[in-house]
Amino acid sequence: MTDFLQLFFSGLATGGIYALAALGFTLLWQAAGTINFAQGEFVMLPAFMMLAFVSMGAPFLVSFLLTCILATAVLGWAFKRGIVDPLFKFGMMPIVVATIGLSIFMRNGMRAGYSAEAHPFPSLFADKLFNIAGVTITLADVGTLVLALLLVFATQAFLAKTITGRAMQAVAQNTESASVLGINVPRMIFYTFAINAVLACAAAVLVTPTYLAKFDMGESLGNKAFFAAIIGGFNNSRGALLGGLIVGVCENLAAAYISPAYKDAVALVIFMVVILFKPQGLLGRKEERKV
Amino acid sequence: MSQSLLKVTDLKKAYGAIQAVGGVSFEVQPGEIFGVIGPNGSGKTTLFNSMLGQITPDTGRIELNGEDVTQCGPLELNRKGVGRTFQTLQVFGKMTVRDNLIVAAQEHKGTMFGRMFAPGDSGLGGKADALIKRFRIEHVADKKAGELSYGQQKLVDIAMAFMSEPDLVLLDEPCAGVNPSLVGGISTLLKDLNRNPASGKKSSFVVIEHNMDFVMDLCHRIMVMVEGKVMAIGTPAEIRGNKQVLDAYLGA
Amino acid sequence: QATIKLANIVELSGGGATAGTNFKNGVELAVKEINADGGVLGKKFETITTDTQSNPGVAKGLTQKAVDNDVFAIFGPVFSGSIMVSMAESRKAEIPNFTGGEAASITKAGNPYIFRTSFTQETAMPKVARYINEVTKAKTLAIIYVNNDFGKGGLDSIKKALAGTDTKIVAEISSDSGQVDFSAPVLKAKQSNADALFAYSNEEESARILRELRKQGWTKPIIGETTLTGQKVIDLAGEAANGAIAHVGLTVDAPIPSIRAFRAKFEKAYNYVSDHNGMKGYSGVYALKAAIEKVGKLDRKAVAAAMHGLKVTTDKYPGVLMNVEFDKNGDLDRESFMVEVKNGKQEVIATVPPLNAGNVNVKTPAAKK
Amino acid sequence: MKKSTLISIAVAAVFLCATPLFLKNYGIYLLTTWLIFVLATMGLNLTVGYAGQKSLGHAAFFGIGAYTMALLLKAGFSWWLGIPAAATLCFAVGLVLGFPALRVQTIYLAFATLGFNTAVWLLMRNEEWLTGGTFGINDIARPAFANANLVYYYVVLAFTVALGLLLWGLLRSPWGKAFTALRDNPIRAESLGISIRSYTLLSFAIGAAYAGVAGALFASLVQFIEPAPFAVGASIMMYLMVVVGGPGYFLGPVVGAAVGVVVPEWLRDVPGVSDWYLPLFGAAVVFLMVWLPDGLLSLPDRIKAKKQSKEASAARAAAGAKP
Amino acid sequence: MSDTCIEFNDVVAGYKDFMILNNLSFKAQTGSITLLLGPNGAGKSTVLKTLFGLLKPRQGTIKLYGESVVGLTQKDLLAKGIAFVPQGRNLFGQLTVWQNLELGGITIGKELTHERTPEVLEFFPRVKQRMNSMASALSGGEQKQLEIGRALLLRPKVILIDEPSIGLSPMVVGDVFKLLRKLADQGTTVLMVEQNVKSALKISDEAIALESGRLVLQKPASELLADPHIERLFLGGAHAANAAPAATV
């Protein structure tokens, strides 16, 4: 039982990480109707930005704020101007492929231009272990989970409860109608990507101590996050959390009790089961009536 | 030999607390043009969708020529000779108008494997052109359907339903957004196909429409739906004279 | 021919990027030094670097390209899976090919043009096995390995080396390359109740394993191979690395003057500390230089022939870093080390003589830092 | 056929047949790889570009084809059996993979297929008794007469051209229209008697069969296979090739595969670039998409439209000038 | 009452590289209802889209109260008091009816939106019953009602409305027409496209007929209504000859 709990809690911590990465996907889907295949790299870049600021001697918090500003400019504004604006009206395929190209660019650019190494990353939380009834948990695990929770609910509330959040969703659903109502479409799109950039910074801070700052850290992160998001429901931010936790926990249990070699298949199996019964994901909204 | 072409019995469909269709029964005779009218939200479109397998009704039974087709999907119903149009525009936006019409009937020609390397227009080019001419969309015949005006798309949509010469066609607001002169054209077309087209087949129609001139002139019988229920079924004259219907739908 | 062309075919992207980049940097550093020193037989080396993307198919194509370019020798790929494929091309073209791959099978195919720059697992694992069996005296052993050709090859070799000893393997736990959460593997290791753990994975994963071991309160010996105690691992794992013991074929922390000099030069050139792959690339070039100078002319066939049985010593060629001997298969043999991480530093706790030196007694180190 | 079309075909034929004669081994290898990816992405173009099924699992079929060939050869069967066997097996598996597509679409489908790819990859990696696991399968043969790289190139060329023509015929038939209808508006398609189920499954199965043949040819080209080239990343690359080339353009894959296979190689050789060739490739893809969102092959259409509008405005100006 | 509100002068506009409006000029008076007529595909909707800045004119000027509005954003235009109800579906299907209304009022602020909502809902009782449904769950006519209501919320000075009668039941059409008349009498300018010509003419002041993007007729509505050959107008000159559709398919 202790073993089970140990696996369970470790899984929750990993799941929190997946959820954070997945949050960006659900945000972009709900508020811009796009998918960003470079989302993992969007976490990688701020991680290195922060490392740079920290190594220049800036305190942790200052580095984080500077990173957020820089990331909003690069991953928010520049991304929107350079890729989203020209491609928005062409549907999903071109944006998907452009972001695939972008991820190749960012990942390998970081490698060629800076380093192929993994770099340790300072943790927001003290290196502290708790032992509760035989289960060891680190402060970082708990902290990551709690912050992931907070960010998910904050994002969800913003989208659902504020008029700006709804205007952002409106843009994703029907751009022309949105502009007919006087919604400032470019600005809403910018908000979406700016928020996404800040979320990526937050994810970077929480995830990198475990994942390590490395040019390809986004690859595995992105992949799992996709499944987490889709299991939970792509059009719902809370879905990202639920999906992330489910994948994290089940993977861990499967690795211990079934076969570690097929651990990566766990997310897939859950996904298959979910689409069988609820194609729109566990918490996802049904697609709109078509006829 | 008075077997009805279409027989709907006690059809119900609810969305949560909303009883969109609340126990509708009616019959359509072979060769009949049957109108369905009623205020907005009275359940007409939902009735069509549940009859055609687009959504699953809660209860009820649908018979086509005496055969139970309640469980059939849109595909099977089409294969059994039922065509339809939708209330919202449903064309193939990236295909040309002519291709839209050809693809609308090609599956009724030959076998699937026979079609694999058959000529691209399945021999339907002439028929498509005739319909295009009839709806006066020749000048956009080679344009992508998605780039047409609303009314032009509506016409393409209607023309598609006729390409395979179905025995029964269900039309959901065919005249919405269509120029009055062509409304007359549609009316004539329906009458032609209904009476005795060249093929010798006699087609029947069920038409939802808010254009009263059109409905009253065209339909043999009309059903009025209100709040998901049948308020009246009768000839145009009867419906026009029905006080209840006047109050609920037609207005003074 | 004005220069001696070397193809550097390495993993610069994909899963092997870290290893490949280190290897490449090592090769380039050696080439720069040798050229600055007047080159070989009065000619300078020229390197052409290409990226295999960690993909064997690409590696094969690039080797063909190198052949088309008429290079004198080929360095890389580092990944065993890639060299297994690409060496068919260099063999066909009779071009000496130096690899960083450690899988035993590479040199077993009877290819006269393939040469190691490091131990094969079949050389290293017996040394590890002996340590586990004789020093740690573990009766039972759990193994966490990475599920790729590198990890599986190591697993096979250590199993072979332990067969017939009284150390029993009680758990073989596979993990993925790039895996982040090691709670399940570590838990399994704990459940197996083994006397010691053998951890065999790449650097980052090794660091994560060490951290998870600490988290779950593992107190028994943790033993590994080169990748377990590298400086990178220590940087990444922090405190959790302390106490880990590993057999190391090449380590920048070895108390050997030539290696210390290398470490400093490398760090100066690239701003970070080389791992063993950097040393492989670097020493490989010097081994080639030694062979060419032995033959005295630029003849690929002759050089390849001369490599077999070649002995290179650090007094003549400090660049080979340690005295080394190539056998008839292209494998190399030399001294190696047992190291332990203490206070965040690798410390050599024993020097292990070459396998074929006959005398296998573990000596205590002569010098300590 | 128009004269200009005939001339282009002749030029292409000469190019394809003559170019390898001027290339060394590596050039031939690259060209062969390109053809193999043309074949594989032609299949994907059917699934994605024509039928609109967002598949991110194509590399799995490529892999299944490759392993089928390798294992059959190891078991002593003829190379000529390997090709149809790979095609048939992939066709069957493709049919199965089509089933999720009947339930989910767009991104959901993309991830169902991506998951399928992961599953196949895991099998290839873990089931060592069959696939050799990460050690792979070495020394895969070619047909005896085609052992030379040049001859093998022509073998691959023959397959690519033959299967290309077959697909061309298929897409011009009513099937081609049905696939397009399926992509544009499945609901309307179904109400017109177009069997969504059959065409969806077929679009996957046929696409898969093409990938299977390509994979079988690939195994014999590299003569060694292991799971890595058939992982999810490869599927994503194939998807990229289709979209960059122009989804729904018959020749899109020819251009797309050139971008995905040849451009990185070319960038490597540009002096001063070598270290940066992958970032540059990524940037080039972004640039191409932003410039031509409908793919490279939409360029002629765009030029034509520009010309027409110029003529139209000239005509307007002329009309306006009249009193 | 007779100042010019909307003025098109020699406007050329179209899609991609294909011009639909060809040197179109016309005026609409303040506080009047101007009806745009013409066969399907004549360019009626294109006129409204160009006026509302969704298409850029290639040539010519568009003025509102004498000031050019070319190049203004929709937000600017809404601020000037113009509202647009396009043809077809224009709701956010995944948001609720109430949220759709709220977004309709995004330019006037939350308070005004809340204040004016009851009166709009009064006019469309069916919509009122469905406030918390997803907009995509509404019937076709209900959706159209919601769209019209959403625009009325703004109390615009100029309404551009594209075929309001599509999908509406006859009684509701009558009500909407009556309402438009009332608003016009109170000073609102209405530019309406309608195929439901006879009813629309009854409430209109002026009628403009387009054909292939060219103005073919501009007359007071009453004059047209009295015209015994009114039918011809529906067809457009080019088609007048073969007015009766071919007999067989």
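To keep things simple, chains are lettered A, B, C, D and E as they appear, and every chain counts its residues starting from 1.
Keep this in mind: a residue touches a chain if its C-beta (ideal position, glycine included) is under 8 Å from a C-beta of that chain, and two chains touch if they have at least 3 such contacts.
Treat the numbers as computed from the prediction; the structure is a model and nothing was measured.
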| item | value |
| --- | --- |
| Chain whose Cα centroid lies at the greatest distance from that of chain D | E |
| Relative to chain B, chain with the most remote C-alpha centre | C |
| CA centroid of chain A to CA centroid of chain E, Å | 43 |
| Distance between the centres, which are taken as Cα means, of chain C and chain A, whole angstrom | 36 |
| Length of the line joining the C-alpha centres of chain A and chain B, rounded to whole Å | 47 |
| Contacts with 2+ other chains: residues of chain E | 137 |
| In chain C, residues with contacts to at least two other chains | 12-13, 147 |
| Contacts with two or more other chains, residues of chain D listed in rising order | 125-126, 187, 275, 278 |
| Chain E residues within the chain A interface of the complex | 52, 54, 73-75, 78-79, 84, 86, 90-95, 99, 102-104, 106-107, 110, 134, 136-137, 150 |
| Chain C-touching residues of chain A, taken from the complex the two chains share | 3, 6-7, 10-11, 13-14, 17, 107-108, 111-112, 115-118, 120, 127, 129, 136, 138, 210-212, 214-216, 219-220, 248, 251-253, 255-256, 260-261, 263-264 |
| Chain B residues touching chain D - in the complex, by the definition given at the top | 52, 54, 73-75, 78-79, 83-84, 86, 90-95, 99, 102-109, 112, 115-120, 122, 160, 164 |
| For the chain A and chain E complex, residues of the former touching the latter | 163, 166-167, 169-170, 173-174, 176-184, 235, 285, 288-289 |
| Complex contact set, residues of chain C against chain A | 12-13, 17-18, 20-22, 147, 173-176, 178-181, 183-185, 187-188, 191, 203-204, 207-208, 215-217, 232, 235-236, 238-239, 272 |
